Structure formats: structure tokens, C-alpha cells
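One chain, chain A, links the two complexes that follow: it is found with chain B in the first and with chain C in the second.
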Partner chain A sequence: MIHKIVIADDEAHITHVVSLKVSNAGHEAIVAHDGEEALELCLQHEPSLVITDLQMPYMSGLELAQKLKDNQSTKDTPVLMLTARGYALDQHELDLTNIKKVMSKPFSPREVMAIVTELLGGASEAENRNAA
Partner chain B sequence: MSLILGHNPPEFPELARTLRDRCAALGLPAWIMGVNAEILERPEPAQPGAAWCTAPDFEQRLRTTVAETEIGHRSHCERAEMFAGAELVIVPIRTQRKTVCLVAALLLSETASVAGTEPESAAAKKPRPESLHREGSLSPDRLEQIDCTLQWMIDDLTANARLECDVESFGRQLSDTYEEITLLYKLREGISAETNPANFVDEACRDLLSVIPYAWIGVCFSRERREARSLAGEMMLYGDAPCQKEEFRFSVDLIASSLVPGTPRILVGEDRGAFACDSSQIAVIPFGKQDALVGVIVAGGKTNHDDAVTSIEIKMLEAVAGHMLVLIENAGLYAEQRDTFLGTLQALTTAIDAKDRYTCGHSERVAYMSEQIALAAGLSPNETERIRISGLVHDVGKIGVPESVLRKPGKLTDEEYDAIKLHPEIGHAILRDIPQLEDVLPGVLYHHERWDGRGYPFGLKSEEIPMMARVIGLADAFDAMSSSRTYRTAMPRSKVLSEIEKGAGTQFDADLARRFLTIDLSAYDEMVARHHSQANAEQGRAA
Partner chain C sequence: MHNARSYILPLVMLLGAAGSTAALTVWGWDWLAARDSSTRVISIMLGSCALLGAIGWLVLVSLKREIGRLSVVIEDAATEGSDHGIAVSPWLMPLAESMTGVASSANAKNTVLSTQMREMEIRMRLSEVERAHTEAILDSLRDAVLVTDSFHEITSSNRRATELLGIVSDDSKRAHIHQVLGATDIEGAIGEVLSSGLPNVSRHIERSMATSLGEGVFDITLATLPSADANGVGGVVTILRDVTREKEISRMKTDFVSQASHELRTPLSSINAYIEMLIDGEADDETTRQEFYGIIKAETERVARLVDNMLNISRIESGIQKIEPTEVDFVKVINEVKESVALRAEQKDIKIVTKSGPLIYTAQADRDMMVQVVLNLVGNAIKYTPEGGRVTVEVDSDESSRAVLVSVSDTGLGIPPEAVDKVFDKFYRIESYKRVAKGTGLGLNLVKHIVETMHKGTVGLESEVGMGSRFWFSVPYETDTG
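Let's look at the complex of A and B:
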């Protein structure tokens, strides 16, 4: 199954690397450059997963996750946070959102994809092909 | 002449100016304006239309027209009639999806007149600039085409600017990543090449400081020898630290009890104490084994735009801390192993020396004097250490010589002397199977060879005798002459030294003998006194 995945980060190298990996795994990568754009794209596309940075212009990744949770159409969308500020996050705040996992930068793209597959229920295209 | 308003040039992206200049090339005068319709930059005076547009009311009309379009944060360009026959195309210039300024381009029809924007009389005096582009008439289709052209242009310019920005960010990221990888490689190299933990810490911190954006780094080691080993109680500060070493130690002590090895801490605001010098957060990296704190790395004074400690920096600091920990531990274990080994050798030689109370402490003294001679001869530290160890074990072979011979007072028979002469080969045979002692065997086997070839067991001559053996031979002879034996009492110091001088070039390597005479013997004399009192005490106990 092809999943839509919104990737939000103001750093081009992160969105490029992650969207390349996501596309290679057979999913559709939708790139946003700030929190606001990410929210707009999420409401428009209703993705299966959101991968977001914490610190972004206009709206932080945490606010984005809270808004997604508050919104009927995206209230169950899992969020994977990739951040250089992992130590600034309070577990209590995370519990109020659908942030399932926080990975601190620098991360291994391979590890990110393993988490993505896990969060999508282990149903990436590549794996389906392997299974078949 | 500059037409920029005010003293500080207003901030807008360079592509706004590019678009204005391109409009000018198409014959359309254009203004760079703020989002609130203020004029940021006018057309250059040399541009067509510039002079024509200086009528008193013109700019007010321009601003009102732009403001009335309420272009706000819309992303597409807008068109508005400024006055009859004069249309404005207003292009929003956007970065990061927000409009940061506008470019307003003026289109004039053949019939356009400045009437209404300036008094008739003033207009009559001004000639119309011939280069100014004028459309025969401004048909809706024509306006639409110009509209589209400008929109495409700005879309392309924006996309280009964004790509340029991306490439720059990629370049920066790549360069940072290279620096990080290089630091990690260097750490790995350092850990296999450097045996002195202090040197490693020094180099690693200096490298770290050049890679991560911090003004200073400090390392503070536990005072517990069991944990920090050779670096116990040490502290180092690199870069522009906000405090002195004592204050640094004090500040670390204050938080030390709350630190858990492997769990980094970030200090902010008041918590930073003596470490605070600006708004920067402080990274604290405690390292150690399980609950035992070996040391703490502290870094602060961030030098980039970001005051917050990032996870990437934490990971770099942790990598350095981890390597320090391994090296300190390895160096400690190595030192322990070496101490055990040397202790065993010491025990072995003490056992040999104990066979004969006259030779009590002989091995230790020969080891010491051999070391002094090696130093005086300028040999390398490694070679000196090997010579010292060889000196310690040089008489191990005496274990195979009967005590009756070793302890015999008076002159030895030829057979007894032959038995004594076997001890270098016996010692060699005993020690040759210990791999760690391979390097010291020549000293054991050849220490009774003489420079003139009249020694034993092989009668080697001059340079044929390994340097190690020449040094130990000299030290051995010196100690033998300086101590009492079963068959004679000790020689006075002056006689011993003159014997060595006499033996230069016959019994001894002349160069070594000459250097020997420069050695300060006070530590040797203290050693003799100590051994003497030990021997007396033992004899007392035995009696």
C-alpha cells in the first residue's frame, strides 16, 4: 500500500534525505518547510504519517502535533519527531499528542525508515514485495 | 545618487531589485515597496519614466493605489488602475511563504496623462521621455500577458533563490558532517596511538573546540584514584572560559552529586552559576562506569546564532568522553599489569639476592645504576627501561649455582669459578620463555663479557657486545667493588672510580666509563644504606 507521508523541516538537507528514503520505500512524500505549511498539507492530504522537526518557522513541531490531534480528520495520525532539541521535550507534553517516537539528530536514515515502517504497521511496499 | 530613503537601507531580498531592473529593461518603471505600501526603493533616475514620475502627488497616488489592492499575503500578482491609462502590476515578493515586499511596475498607455497628479503648467514644462514604453492602448489581453510574464519571472526568481539557499545549506551541512567524521576518525586514531591519557584529553578537547560552536570546554576528573586513575583530581580548561580553574572545580563539585554517568545535562539560566558568561546554555557530559563518576566535560559560550545545546553537539561531546574513558581505563589496566609484572620480577630477584646476604639488594642497585648509565649515555626512554629491567634480572642464573660456592669465603677453585661462570647462560635459559622479557635477554647473557674480549661466556669484543650488556656489566662491576664480599671488604669510593677509569677501554666501553664518572651517586648511597639496614635486621631475626 502506498502511504502519504508529510515531511516537515526548515532544513533542506533533512527534507531531501527523508523524502528520498520515503519515496524509495514506495510511499508518497509531501514536503513542508514550516509548521503552518505542514498543517495545511496534513489537512489537505490526510497522510498516514507525519515526520516533523521540532523547531520550525511560524509553528513548532509540537504545536503541529497538538493541532493534528485536535483536528477530527488527523486526530489519529502518528507523528515521528526528528529533532536536535530532544532534551527540551517534556514527556508530559508528548503524551498529549500522537508523537510516537522522538529521534535526535544526527540520525541514520536507515533507522528512520525502520521506525516509519513500524509506525505504518510494517506494510511498506518493499516489504510487501519481499513477502510476495 | 542614491534614492534609498532614510539612513539604513531597507531590508528586502535581492531578487526584488532584480525584478525591478528587469521591468526597467522592458520599459516599465518599477518601485520596491513594503507590505504596507511604503516606498523602499525608487526606479534609478536613468530609468525610463523616473523623471516623469516625480510629480508631487505621484508617490502618494502610487501608495494609495497599492494599499487599496489589499494584496496582503496573497501569492499572485494584482493589477490596479492608478489613473486613466496608467496601470500598476503589483508583484508580491515572498520568502518562506510570506510576502516580504512588493514590486509595483507602471504601465502607461499612449493616452495616459499626468493630469490630476500635477498642475498642468508643471506638466507642460516637462518633456516626455522618449524611451518610456507606451502601449497604444492597454487592452485587457495585453495587461494579462504582462501580468503573467512578471508572475513567471518572480516565480522563477523565487525558485532559483530557494535552490541557491538549499545548495548553500547542503554545503554547510556537508562541511559540518565532514568535520564531525574527521573528529571521530582522529579520536579513533588517537586512542590507538596515544598511551598517555592526559595527552589524549588535551588533543581531543582542542580538536573538539574547533569542530563544535563553543567558546570553551573544560574537563574535570574525579579525585578518586580508583575511578580516574592517572588523571585523578586533574582539570583542564580550553578556549575562553568564563572562570578560573579553581572556580571551575568548585562549580563542578556543586553539581557532581546529581550527575549520572551517561546522562547529559543542559544548564540554563541561574543553574549555570560560574559558567554563565552570556545567554548560551551549558552542556554537561558526565562519564564513568555504571554509577562511578570518572569525570565531567563541560562546554559553553556558544559561538553560533543558536544559544541552545543541540543533540548533535551532545553526541560529539559524548564521543570524546567515551574515548577518554576507554583510554583512561586501558592505561590504568596496563599500568596495573606492568606493576604486577615488575613486582613478580622484583620478588624473583629478591629471592636470588637472599641466597647470599652479601649481595642483598645487589639486583636493585644494578638496575638503578644501569638506568643512570643509560640516561647519561643518552639512550631512548624505551631502551633505558629495558636496560633497567635487564639489570634487575641479570643474576637470575645464580639460582643454578650452589650456595656453597656463592657463599664461600676466600678464593674459589677453578671448578667453583667455572660453576659461577655458568650463571649468565642459566639465567638466559630461565627467562627466554617469558615473552615480555625477550628484549632484556642480551643483558642477562652478555653482562660478563669484557670490552677487550677477555670476558665470559663467549669472549665477545667491543661493539660485538650489545649496548645493554655493556651498561649492565659496568653497573655490576661498580656495585661489586662498592660492596663487601665474602672474600673482601668494600673498596673506598675513590678507589672504585679510579678502577673504572683504569678499566675504560679494557674491561669497559671507554665512552660509557667516561660518562659514568659524571653520575651523581647520592641516591645510590642511600640505597646501599637502606639495603644494609635491611640485611642487618634480617640477620638479627635469623639469630
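Let's look at the complex of A and C:
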């Protein structure tokens, strides 16, 4: 099944490599360069998953995840965070979002893909349950 | 001889008195016989009184003279080295001997007491000098020292403590520690140390507190002082060391390491990810592979640049970096930089224009560092100027401040007003610039350090969003390298 995945990072090399990895796995990658653009694309495309950086211009990855959770159409969208500052995140803040996993940079695209597959599998099961 | 003479006078007087008495008796008897009985009684009584008065007067004269002699003899005995050669009458000898003995013994005791008093005076003077030395040593310390007794009252404090805690010296009334330290828990800690009851107990605590000189962080040492009998605790010495600056430096270092590691992680992330993609065969064709190789190379260079800049800044900040001043010709410096960035400028179709007056613009400076400063400013101008733009590098002199003035103007994006004060800060990057080009956030900080810290010059900028920026720096003709 082809899933839409929004990839947000202000580092073009990072969005490029991650989008290539998910595209090679058969999914559709939608690239955003900052938090605001990412939110806009999420509301527009209603993706199955969001992969985001933490520190981004205009809106941080955490704010983005909170806004997605607050929005009816994206409230269940799982978020994978890739960050060089994982230690700066507070579990209490994470609990207010759908951030399912935080991976620290430098990351392995292979491991990212494994998590993506796991999260999409979970999403598919939820969709199936809802359909049933 | 003296003794014989002393007997003659009383003897003559006694014989004279006896003769006179006999004559008067004979004559008086006849005279009395011719009188009546009452007249006789009165006359006899008057005669007896006169006789007794005369004898008494003679005795008194004699006694006065002997007492005078006795006092001279006693004085001789009491005063060392004094002898008037006077002797007292034999009948006064026992008394004289007894009293001269007492006087001699008093004289000996007096000598011992005088010696002891002199020793005491010397000791007191020495202890006064020692006390002044101790006070001077304590006053020369940069740490505040307070001594409190078992009632938590301040018995002494050094100059630093007086300045820091605003202690008013009043010998008549000792200040309570609570008045001086306010609502801190240091008083409690002093109490705990005091209650240990053991001499030589010490404790360290660190507290942030408000002082007369402002808010600060203090490393506090509390130690018990022995009591007067040396068996118990008589008080507590509290030493406050101001570690505010050390804490600030430590925090800045931690922030720097944290920020630097974050900045390094980003290019390392790219390098790691693209290498893994190549290993996993995710790059299908040669063009993609070449693209990946290019990214890996560029990101590796970015890491190297970041490390170089961090090391340079760190060396300058820690004072290790020294400058090697030579006569630097700034027209040559800008031409050299123009040449090294020519390819980059050409790729973006940016024109580099150099301008200078008719003079030779030189200053005593470190040439390599000046090249680095101009290169960083021109490099930034090229990075943030859209294709087809123009970068102007100008050299001039400012006679009023006796400095060479170099400016780099561009037709680029411009800097938002809120960012103008921050662009020279370490790791600061303008958000909207991040999408335009890569940077370490260290280039301008290095420029500021080289110009201001190393060359005592000045940096500055004027900018308007959308219209471009003008960065400038000035370096004095003569740089004081001391």
C-alpha cells in the first residue's frame, strides 16, 4: 500500500535522503522546509505519517506535532522525530502529541525505514479496525 | 665618736635640770613656808606642770631627731646603692634592724616586679604587631571571612566581608549573623556545624545570594573554632568565595560544547545517511551516486570548517592565540581575497568590485587573520546575494581614529532589524537565511574576535531588508599587541 509521508527539515540534504529512502520503499514523499510549510502540507494531504526535525524555522517540530494532534483531520497521524537535540525533549510535552518515536541524529536511513514500516503497520491495523 | 656625743647632750640636760630643780626646791621651800596652804598647793601644781612640760619638750626634740635618722637608714636599705652613713641610737637599733630588713625585701620584690612588667609590655607589643599582621593578611584576601560566636554574633570580619555584606563595624554592639546574611539557610548551616561540638569540623556549601555588590554564587566554607579551653567549640569561621564568574564561564563552555555538538551532528547526519544509501545500493544510477559523493564531500568540508572555526574562536577566547603583526597592505589583502572567491562569484554571476583611494593603506596587523576576516565577509556577501548581484569591497582610512577602514557591501537579502545585534554572536543564524545557504554561525563571531579582541579594532554593519548590507571593520594603524 502506498502511503503519503510528509518529511520536514530545514536541511535540504536530510529531506532529500529521507524522501529518497521512503520513495524507494514505494511511498509518496512530500517535502517541507520549515514547520509552517509542514503543517500546511499535512492539512492539505492528510499523510499517513510525518517525519520531522525538532529545530526548524517559524515553527518547531514539537509545535507542529501539537498542532497536528489538535486538528481533527490529523489528530491520529503518527509522528517520527529526527533530532540532534533529543535530550531537550520533555516526556510530558511528548505525551501531548502523537510523537511515537524520537531518533537522534546522525541517524541510519535503514533504521528510519524500519520505524516507518512499523508505524505505518500500526496505522494500517487501526484503519482496518475502524473499517471493521 | 658619734655615739659618745649622742650621750653628752642628754646628760648635760639632765644635770642642768637636776641642778635647777634642787635650787628651785631650796628657794621654793622657803617661799612656800611664808604662804598660806591654798597658795602653796596651787604653786606646787604649777611648778610640777612647768617641770613636766620642760622634760616632755626635751624628750620630743630628742625623738624627732632619732626618727629622722631612722627614716634615712630605712631609705638607704630600700634604695639600692644608697648609703648616707647615718647610725641610729642603740636603743632604736632593734627597731631599725627590723625595719631595714622589711625595706630590703620590699626592694628585691620591686625589682622582680619591674622586670616582669617590662617583659609583659614587650609581649603586649609583639601580640599587637601579630594581631595587625593577621588583620592585614585577612584584609588582603579576596574571600569574605566572618567569625561568629556561639550566639551567632559576629566577632570579627575582614574587609571583603564588610564590602560584600555591608557589615557596619560597631565595637559596642555585635551584629547578629541573621542581620547580615538575611533569609539564607547559611545561618542554619552555621548552627549545624556549631552543634557538632567538635573542633576542626568543616563543611562546604554553594549558595546563590544577594550581596551589597549584587547577586552572586558563593562557595562557602564553614569551620569550627576551638573554645578558650580548647576542648569545645567557641565559634564558627565562615569563608565566602565568589564563584559567579567561574560558574558563568563553566556555563558558557557547556553551552558552547552543546551547541557545537548539535552543529556537528547535522553534517555528520548527512554524511552517515548518504554513505549508508550508497552501501545499501539505494542510488540506482551513476548520476545519483555522483550527487551523493558531492554531498558527502561538501558536508565533510562543512565539518572541517566548523571544527577550524571553533578551534580558532576557542584559542582567541582562551588567550592562547597570539598575533604576528606585520605591515599589512589592505589593498593587497582584498585583491588576494577577490582572487580566491572568483570561482564562487562567477558561478552565481556576482560581480566583485574593489575600491580604494590613492593612498597606501597599511596597518600593523596579523596578515593571515586579516585575510580570514575579509574572506568571511566577502564569502557571506556572495552566499546571501542573489544571482547577478554585486559585492563591493572598499578600503579607506579614518584619520580621526587613525585606523584603516574596510567595508563589504552587497545587493543581497539584507538583515532584519531584530537580528542586527545578534549576527556577531556565536552560532547565531538568521532563520530565513538557513534556506538560502549553509553556514556554521561562527564566521562573523570569528571576524569580531579577530578585529576586536586581537587587534583592538571595531566591527559594525548597516542593513535594510531587501536592499543589501554593508559590513565594515577598522583596524588601528598601530596595534598594541600587549
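In this section, the second predicted complex is superposed on the first by the 121 of 132 C-alpha atoms of A that agree within 3 Å, B and C clash if a C-alpha of one lies under 4 Å from a C-alpha of the other, contacts with A are read in each partner's own complex, and residues count from 1 in each chain.
Keep in mind that, in the parts below, a contact is a pair of C-beta atoms (placed from the backbone, for glycine too) under 8 Å apart; a residue touches a chain by one contact, two chains touch by 3 or more.
Owing to the predicted nature of the structure, the values given are computational and were not obtained by experimental measurement.
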If you stack the two complexes on chain A, which partner ends up touching A:A84: first (chain B), second (chain C), both, or neither? both
Contacts of A:E37 with chain B and chain C, given as first, second, both or neither: first
Between chain B and chain C, pick out the one touching the greater number of residues of chain A. C
So in the superposed three-chain picture, is A:L20 touching just chain B, just chain C, both, or none of them (first/second/both/neither)? second
Touching A:E11 in the superposition: chain B (first), chain C (second), both, neither? both
After lining up the shared chain so the two structures overlap, which partner does A:S108 touch, if you call chain B first and chain C second: first, second, both or neither? second
Considering only touches as defined above, state whether A:N71 meets chain B (first), chain C (second), both or neither. neither
Where on chain A do the contacts from chain B and from chain C line up? 10-11, 13, 16, 33-34, 57, 84-85, 104-106
Can you tell me which positions in chain A touch chain C when the two form their complex? 10-11, 13-14, 16-18, 20-21, 24, 33-34, 57-58, 82, 84-85, 104-110
Quick check: in the complex, which residue numbers of chain C touch chain A? 261-262, 265-266, 268-274, 276-277, 280, 282, 295, 299, 431-432, 434-435
Show me the residue ranges of chain B that touch chain A in the complex, using the header's touch definition. 96-97, 165-166, 169-170, 173, 177, 180, 264, 266, 308-312, 314-315
The answer for chain A against chain B in the complex is residues 10-13, 16, 33-34, 36-37, 57, 83-88, 104-106
